[in-house]
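These notes are about the structure you will find just below.
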Amino acid sequence: MPIVRLTLQEGYEDALRVRLAERLTDAVRATIAAPLEAITIVIDEVKPSSYMRGRAARRPGAALASPSDTVRAFLVAMEARDLAGARSLLAPSFRMTFPGGAEFTALEELVAWGGKRYRFVRKTYEGFDECFGEQAMVVYCFGTLSGEWPDGRPFEGVRFIDRFTVDEGKLVDQRVWNDLDAVAARQNATAG
Amino acid sequence: MPIVRLTLQEGYEDALRVRLAERLTDAVRATIAAPLEAITIVIDEVKPSSYMRGRAARRPGAALASPSDTVRAFLVAMEARDLAGARSLLAPSFRMTFPGGAEFTALEELVAWGGKRYRFVRKTYEGFDECFGEQAMVVYCFGTLSGEWPDGRPFEGVRFIDRFTVDEGKLVDQRVWNDLDAVAARQNATAG
Amino acid sequence: MPIVRLTLQEGYEDALRVRLAERLTDAVRATIAAPLEAITIVIDEVKPSSYMRGRAARRPGAALASPSDTVRAFLVAMEARDLAGARSLLAPSFRMTFPGGAEFTALEELVAWGGKRYRFVRKTYEGFDECFGEQAMVVYCFGTLSGEWPDGRPFEGVRFIDRFTVDEGKLVDQRVWNDLDAVAARQNATAG
Amino acid sequence: MPIVRLTLQEGYEDALRVRLAERLTDAVRATIAAPLEAITIVIDEVKPSSYMRGRAARRPGAALASPSDTVRAFLVAMEARDLAGARSLLAPSFRMTFPGGAEFTALEELVAWGGKRYRFVRKTYEGFDECFGEQAMVVYCFGTLSGEWPDGRPFEGVRFIDRFTVDEGKLVDQRVWNDLDAVAARQNATAG
Amino acid sequence: MPIVRLTLQEGYEDALRVRLAERLTDAVRATIAAPLEAITIVIDEVKPSSYMRGRAARRPGAALASPSDTVRAFLVAMEARDLAGARSLLAPSFRMTFPGGAEFTALEELVAWGGKRYRFVRKTYEGFDECFGEQAMVVYCFGTLSGEWPDGRPFEGVRFIDRFTVDEGKLVDQRVWNDLDAVAARQNATAG
Amino acid sequence: MPIVRLTLQEGYEDALRVRLAERLTDAVRATIAAPLEAITIVIDEVKPSSYMRGRAARRPGAALASPSDTVRAFLVAMEARDLAGARSLLAPSFRMTFPGGAEFTALEELVAWGGKRYRFVRKTYEGFDECFGEQAMVVYCFGTLSGEWPDGRPFEGVRFIDRFTVDEGKLVDQRVWNDLDAVAARQNATAG
């Protein structure tokens, strides 16, 4: 106990059902201090002709990609400077906010703005968090940045965190925080 | 469809069951693109004497506080400078990381460090996110900082984000990012 | 087998649950030639706070009167000449059709029309049938009429059947067939 | 809610399960004023070796034809004057009652009786109603008759209704009401 | 897994449900090598008005005494020479078989027969086994006998086993095996 | 009612599921005086990827041989003097107790001991009982012995009973009671 019994129409792949069972486990575990080995998930599958809601057959909902997979695809495209690929993952209302409050709606604006801040930057990821909220899904990724300042000096180990809002498989919002300014200030102080 | 049927021992409060049903709904919705109104949660409650696992009766797991409630309580205590109250919410291994990579294990260290950066600081919250992962629960809160620099000049609208790891109702880890350095650099540039 | 398991929010009266179980039994029995004693109905009741659809609590649907009860109430009121009481059971679009194709929308029209056909008439009921269709519910009642012709001669044992359409507890449609004309024709032939 | 969960042995065809789900929906909807889209039916199917009642395996009950299908087959055969085909659908105790109280047990009696009332008659169907009662199933069909009187004059639009009792796939009882006498009386009055 | 879900009408006492859950656990464990802590039993209770079989309400079956309790009561009565009390636990067809094939139907016969074999005998119980078979329940008890031979010499530690068939709370059959003859033979040999 | 619903991972053979359903029926029937035909067992099978306990997939427990099958195999091997085959069915701690309290741990000891008591002995089985207890499974077999005494005289119809403890498919304990001494004593008395 608790025992969760989920009924689905048949046809979902093993991996989808496993992912769903994990998330249901996590939802229970976050709410009740039950021993982990007591949390049981069972998924019953029924034929489409064995399910009816509102006196009508229903098509099963499509399997959703993990929101963090969408975010990863975006990050890979951006690192490869594949702006077209990255753009294909954005909702029309997409909006980015960067340190100091810089806001952009087009990826080109971000690239131009970044060009004044560093010659290049690379992300090393420490972790991804997925939040399944009432309104939308949120994905966080955090880790460190390495790259070169405009003057060619290298930097590394600079902490960052990105917060993405994902809705229907598209990125709606990206918010970025990092220590680039803190590190630059310290380096300048040291340099001065 | 999907239909989630959860079995619990009787005795949990209404609010706990509602919270659990919401989280189960969110877990399903994050995984399958089903129409929201088709996601149904039913909770069956049974008497303690009607449940047996491993040929033994089992005590129901205690209701857990929401991890964001624990975080909120910590933030309130810190803002009120109630270090004892804040400390009571920390796991023994608690560790904080602040912009520029400053790390502390004791709240007094943080207070001393902050004292050099601002006269005071106040947080305005825009949102909280809860992530229920395999290892532990993570709570994010983000918004803006306002306060006074050491020289008495005011600041406000400075973006911040905190990431807390919560385990068994205690804070294990706090990581902080904010734009204080970015804002200070800009103000200094302007001032200069 | 078959086993029907119905989940309701708690609060429905015993009689309602029994009626529902009977109707579910009848629905199964009309479809599969299972031995009657093998058709099992179980009703699970859950607390309102233990049910959620579309991430929202739901108020349980009200218990419906049996459509044949509505029809019986109408028939009793008509027999007692309580036109106001009878009218309170009619939908605004109510329409009646009588032998020979006579159609009325107001009860007074029917009374006036009937006054030319008989001094009075009384119904003896042999049976009621309830049909639960996709669009609405239909109630049939049938039996015999007795009364007096306009000339004072009595009649009895005259077969009739009424078909009522019931929607949301109101009568939408009444269609009447009977043998009054057949009997009158025979009596006239005999009399002549 | 309500959620109906039906367990069957595997092997029933899709159409049978769909029909059963529709009838269960209708049974619920006739009893509780729940929003239609909230009435959910799920059918679980289990292997014959996964079901036992009374410590014995059980053969699943045969799928039943819809009682209205049996009635339609009878009506088609009668219209085509296929008395043998029609008779094959009758229970041994079959009995018919026609306007004016005429009763028959053999189809030939009906044909002879009808021969004096009209040269031919044809039915146009407006609707069929199926009632699943405790004792047996009842099918109603209603609509209009057209044909020719014995003197060759045509008639049409004459209302009729038939009530059939169906038990184990055979017709047990047919009761007929119609306006032929009313229409004839009016025509005679007009003619006179 | 396995998960056993049992549905009962409400009203059974806690102890009865616990005993039933234990027996269901044992039945599963005897058949599948699942880890004990994975065998879960859940009992759902429904109101009498929420259960219908064969379109009729059903009275819940009475709780049965454990067959070993019936046997224990019989053994206690026999040891106390309460023949009336012991007899009240016997089915009309009760029959006993003792070592050497001695058969009795009346307790007095047994007492008379035993009187020639020992002055008195007392049972010490090592264990009781209950078997729930298709036809009836069987209870075994085994342990050792102590007492005095007809000549007054004592004996003790003499192995015995009794097999009882129990049906509807009454003893139908008792079969006894013991080592009294083996011990007597050995003692006689020694004595000789 | 009672209705038992068992959930297993798919893959068990028909015979295993039938045996399990029989044992669950017997467990219920031993506890509640329900009419046998009302005891219903349904087994739901789910895919391995549709089951998770403790956030991990689980391998289904292996099907267990019936403990009486293990006992029968041992008895067959002993009767055929196949000591190696019989020994393969014994747990390392196996121990036998025979009439008069003779105890052995090796089959050869038993054979040597028996050799002094009879030239040969053969068992005729009247019944087997299986008990599924909390600690282990117990199998009883009983019937009659026939054979020859050491002096060549025959015997037959001598009652016996064996009690075996079975754990994880191996015999842990055998206890034997029989009437050989009683019969020998009587024969000697008669002979004398």
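A, B, C, D, E and F label the chains in the order they appear, each numbered from 1.
The rule is simple: contacts are C-beta pairs under 8 Å (C-beta built on N, C-alpha and C of every residue); 3 or more make two chains touch, one makes a residue touch a chain.
All of these numbers come straight from a predicted model, not from anything done at the bench.
Shared contact partners of subunit E and subunit F comprise A, C. Looking at subunit A and subunit D, the chains that touch each of them are B, F.
For the self-contact between subunit A and subunit B, the two sides draw on mostly identical residue numbers; the shared fraction is above half.
Of all the chains, the one whose CA centre sits at the greatest distance from that of subunit F is C. With angles rounded to a multiple of 5, the C-alpha fit of subunit B against subunit C returns 120 degrees of rotation.
Remark: subunit C and subunit F have CA centroids separated by 65 Å (rounded to whole angstrom). The centroid of the Cα atoms in subunit A and the matching centroid in subunit C are 59 Å apart. Taken residue by residue, subunit B touches two or more other chains at 1, 3, 7, 22, 26, 29, 37-38, 40, 42, 44, 51, 53, 55, 134, whereas all remaining positions touch fewer.
The full set of touching chain pairs reads A-B, A-D, A-E, A-F, B-C, B-D, B-E, C-D, C-E, C-F, D-F, E-F.
Looking at the complex, you find that subunit A touches subunit B at residues 1-9, 12, 16, 19-20, 22-24, 26-35, 38, 51, 53, 58, 60-64, 67, 97, 99-101, 129-134, 137-138, 140, 142, 157, 159-161, 163, 168, 175, 177-179, 181-186. By the touch criterion stated above, subunit D contacts subunit A in their complex at residues 14-15, 17-18, 21-22, 25-26, 29, 36-45. By the touch rule above, subunit C contacts subunit F in their complex via residues 1, 3, 37, 40, 42.
Residue ranges on subunit C touching subunit B, taken from their complex, read 7, 44, 46-47, 49-55, 57.
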